[in-house]
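See the structures that follow.
You will see chain A twice below: alongside chain B first, and alongside chain C after that.
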Partner chain A sequence: MSTTTFIRNEDLKGLVADLKAAGVGVAGPARTTDGAVDYRSIDRFEDVVLDAQPRTSLKQFFLPPTEPLFKYRREGSDVAILEMPAVQPPRVIVGARPCDAAAVEILDRVMNWDYKDEPWFARREATTIVAFACPGGDRSCFCTTVGLAPDSTRGSDLLLAPAGDGYVVEVVTPKGQKLLDAFPKRFGAGPGVDATKAYRDKARASVDGHVPGSPEVIRQWVQTHFEDPFWSEIALRCHGCGGCAAVCPTCHCFDIVDEPETLTEGTRRRNWDTCQTALFTVHASGHNPRHDQCGRCRQRVNHKFAIYPSRFNEVLCTGCGRCARVCPAGQDVTEILTRIVAMATGQGGAA
Partner chain B sequence: MNVYQPFRMRIEERIDETVDTRTLRLKFLDEDVAQKFDFKAGQFGEYSVFGAGECTFCIASSPTRKGYIECSFKTIGKVTSAMKDLEVGDVMGFRGPYGNAFPLDKMQGGNVVFIAGGIGLAPVRCVIWNVLDERNKYKDVTIVYGARSVGDLVYKRELEDWGKRPDVKLWTTVDPGGETPDWKGQVGFVPSIVEKAAPAAANSHAIVCGPPVMIKYTLPVLKKLGFTDDRIYTTLENRMKCGIGKCGRCNIGPVYVCKDGPVFTAAEMARLPNEF
Partner chain C sequence: MTELRELARRLLSEGTVNAVLGWEEGPRGARPAFVTDAAGADRLIFDPRCVHNLAAYLSPRRPHLKQLGKVAIVLKPCDAKAVAGLIRETQVPRENVVLIGVRCGGVLADPESTEPLSEATVADRCRGCPDREAKLADHLVGTAGPGFPGPSHRAQKVEELAALPADQRWAFWQAEFEKCVRCHACRQVCPMCFCERCLADKTMPRWIESSPHNRGNFAWHVARAMHLAGRCVDCGECERVCPEGLPLGLLTRKVAQVVADRYDFRPTDDPAVPAPVGTYRMDDPQEFIL
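So, the complex of A and B:
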């Protein structure tokens, strides 16, 4: 689909009001009480913050940090299982970053790998993603290295880019078209995609070249260097806190635990987890196949740039740079990848 | 019902194997599910105690025995401790079957050698009964089973049965010092017993499962006897949560144990990085 239309700033405000009035949940990047920007529920478009990358990604809307899988109630020796709703309430995310929207589509692959993860897809089906072309990134951004761009349409249902007194709207999916059709008065004639070119070019220039090389070069090096002093070197910096995985739009590892609420009732939940902690792989016997931080740092890079690409033909990274920004020890993914590219092309090695 | 929701199963029988190991026989509560349920030797499942959580084990019974499944576990962690406290008649959860299986179709018409150590006999036992229940499809069947001590041998009643069968060559052994005065089996480590048992390699497949150290020293013996890497199978256990390729926990390098395994040939194992 390549239909375009236009929405004026006033109509964007009106659209969010219309959605709210229709009982649709709306979320977008907005200030928290401590002044940071996160994706969260919003009441009005005026609260949307477009000039700062949200701290957290869209992952939380599809794979919540903690999520009930079912409830159980023991009745004598028997157990009753109470299922969770199979359908989720409708939601529109307004102001998604293209890198975050792409992540959701990349994750569809693993979530539908032979077994369909119904909780994930129930939320996918109920959610419409309205992305806004990114105004540009900082030194940690490298989306163009992993095949995306500040104005990628991947994973978005609509992509908006600013022009004149509003936004040019690219209709990406039938779901996006459905949103247009539901509120036809909010959309109308206006400038075409050409009018957004300068904006897009400027954004692209701000992220280009931060990591030279291609995902293919990185994949080949990682696949052939499972044992390499480089991994021990980068692991020295890592505290194993897992902050990188929490803010990552594509890290999707989870734990499944039972949380008793009374002696007879409780909930089986899945919670975000991370391969950066020792507990992640430790066996009940005490044996831990991934016994040091070196293996854990390698696993994160390996999963994103070698394992996932070879399984699903997708890089499990959108170049959003959050892991570099959040790391308390200054572990910088752009530095890791740049050095891998240098080693792969014979221009460097472990220090 | 989502993929993470288990079937409910009632404990039909508890068999104590050793001081800390028990076998549970489980039956599906839902007759419909029981009718439809099918699995292959070597597959695993997620067993759960409601309130304690889930745990990954192979299905220790044979797919030829319909109407129930069995699991054998050592009480070592949170879930297995809770499983130990369950009584006959109590309901627990099961998701599965997951993963690949031992390729029995390739082994038919030839000899099969089973080599197991300790609780490693559980996944092997599933295949042993599968083979013995279709005995005419196979030639010689050899079982070499060892444990640290006589008290650590699991499935003792079945060992007795197999020992009496004229169509099975059974070798049981305990580590030196683990024997009792009335022990009639071998004394020595599994690899040396395999050398003594010397099953013919021609037209044979070997299934090996046990502690890593046992596997490490058994593989060279099998090689010396003439077994090739693609005719030696083992089953791996890694910590898992989902069992269906999503939770990201069981990777060994590029391999997902839950999806690509748990059954691997020695040739496949040799290509894996040392992270298991």
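So, the complex of A and C:
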């Protein structure tokens, strides 16, 4: 689909109000109590902040940090299972970053691989993603290296880019069209996509070239250098805090726990997990195949740039740069990838 | 900086140590550096962006750092308190590490900052800090600025919270804990969290629920704060690292105040000062024992 339309700034405010009035949940990037910007529920479009990358990604709306899978109750020698609701309430995310929208679609692959992850897809179906073309990033952004761009439509239902007194709206999916059809008065004639070219070009220039080379070059090096001393070297500064995984739009590993609440009842939950901790791989015997941080740092790069691409033909990274921004020890994915590219292309890689 | 680099170069070339842990210029500001040869000593920097508490790297919970062999570590006066804590709690033999103290008049809140150090940009924990050099250090380098007057905003916030009725204080922490995703980054960067197997990771039985709901989060953050009673050196790393922006320093600060008031213990870089948790005195307050 490639039809376009236009929405004026005033109508954008009105659209959010219309959605709220229709009982649809709306979320977008807004200020948190500590002054940061993060995706959260909003009451009005005026609270949306578009000029800062949200602290965390959209992942939380589809894979919450914790979610009940079912409740259980022991009844004599039987166990009764109380299923969670299979249908999720409708929600529109207004002001998603294109990199975050793309991440959700990249994750659809693994979520529908050996089984269909019902909670994930229930939320996917209930959610419409209205992305805004990114105004540009900082030195840790590298979406263009992994096949995306500040104005990628991937994973979005609508993509908006600023022009004149509003936004040019690209209709990306039938779900996006449905949103248009539900509130037709909010959309109308205006400038075309050409009017957003300067904005898009500027954004692209701000992220281009931060990681030279291609994902394929990275994949080949990573696959053939499992024991390279490079991994031990980069792991030195890593605290194994997993902050990178918490803010990552594509890190999706989870743990499943049963939590008793009374003597006979409890809840099975799934919670975010991260390969950066020792506990992630420790066996019941006590043996840990990833016995120190070197193997864990390697795993993060390996999964994103070799394992996932080999299995799904997708890089498990959107180049959003959050892991570099959040790292308390200054670990920087652009530096790691740049060095890998240099080693792969025979230009050395020493620090 | 020349003095620091000269010293590091000498320690490495004479073979006194195999590596020097300090700071370097990274892609996003200052960051921890691991210098393993004399030629690399010129990478070392020290300026107000060097906010990280490198003492965490001495913790025995980081087996991958054993590959470095004997190390020297660059310390601000506050970081030295964490090293003293590790020595006091028999985690690091004093003779196994060379301590390079850098004189310090406060650091910035953010290692990426490009602002000069000022009343407006100084890390909150540095407000009112009286320490300019680590007494524990084997070598001292650099010069210190005059420091910044207290009290810190954090200390003021602790007072404000303490003055609130319990239900409002509860509501404040409920709202904060709501944000926690239980990544445990606060634990991982803490120089004093050195347990081989953390209470929060134990499953038989499960003492602390791992789910990031308010029940699990409350249990985790209170347990963490209590385990740091008389041990936290107020380096602020837990709060700096939190990907969700929880004000964790308020908890540890409050506990530190209680320990100071009741047991007359303040974090110190003297490892010979006994830890309040491991000490019994006849005049310890004990009216809470029924």
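We adopt the following convention: the second predicted complex is superposed on the first by the 348 of 351 C-alpha atoms of A that agree within 3 Å, B and C clash if a C-alpha of one lies under 4 Å from a C-alpha of the other, contacts with A are read in each partner's own complex, and residues count from 1 in each chain.
The definition used in the following text is that a contact is a pair of C-beta atoms (placed from the backbone, for glycine too) under 8 Å apart; a residue touches a chain by one contact, two chains touch by 3 or more.
Only a predicted model underlies this, so the values are computations on that prediction, with no experimental measurement involved.
Asks: After aligning the two structures on chain A, examine chain B and chain C and state clash or fit.
Replies: Chain B and chain C fit side by side in the superposed model.
Asks: So, does A:L69 touch the first partner chain B, the second partner chain C, both, or neither?
Replies: first
Asks: Of the partners chain B and chain C, which touch A:V257 in the superposed model: first, second, both, neither?
Replies: both
Asks: Give one of first, second, both or neither to describe whether A:V193 is in contact with chain B, with chain C, with both, or with none.
Replies: Touch partners of A:V193: none, neither chain B nor chain C.
Asks: Is A:G330 touching anything from chain B or chain C once the two structures are fitted on A? First, second, both or neither.
Replies: second
Asks: Tell me which partner A:S140 touches in the superposition: chain B (first), chain C (second), both or neither.
Replies: A:S140 contacts chain C only, not chain B.
Asks: Is A:Q293 in contact with chain B, with chain C, with both, or with neither (first, second, both, neither)?
Replies: So A:Q293 only meets chain C here.
Asks: Least CA distance chain B-chain C after superposition, rounded to whole Å?
Replies: 5
Asks: Quick check on the output: what are the common chain A residues between the chain B footprint and the chain C footprint?
Replies: The answer is residues 255, 257 of chain A.
Asks: Can you name the residues of chain A that touch chain B in the complex?
Replies: It is residues 69-70, 72, 74, 77-79, 81, 83-84, 86, 110-111, 113-119, 223, 226-227, 252-258, 260, 266, 268, 270, 273, 275, 280-285, 289-290, 295, 299, 302-303, 306-307, 310-311 of chain A that touch chain B.
Asks: Under the definition above, what is the set of chain A residues touching chain C in their complex?
Replies: 32-34, 36, 55-56, 65-66, 139-140, 232, 235-237, 239-243, 245-247, 255, 257, 259, 269, 271-272, 274, 277, 279, 291-294, 324-326, 328-332, 334-335
Asks: Can you list the residues on chain C that touch chain A in the complex?
Replies: 26-32, 34, 52, 56, 62-65, 67-68, 111, 175, 179, 181-185, 188-189, 201, 206, 209-213, 216, 237, 240-245, 247
Asks: Of all residues in chain B, which touch chain A in the complex?
Replies: Chain B reaches chain A through residues 1-6, 8, 10, 48-54, 76-77, 80, 87, 89-93, 237-239, 241-242, 244-249, 251-254, 259, 273, 275-276.
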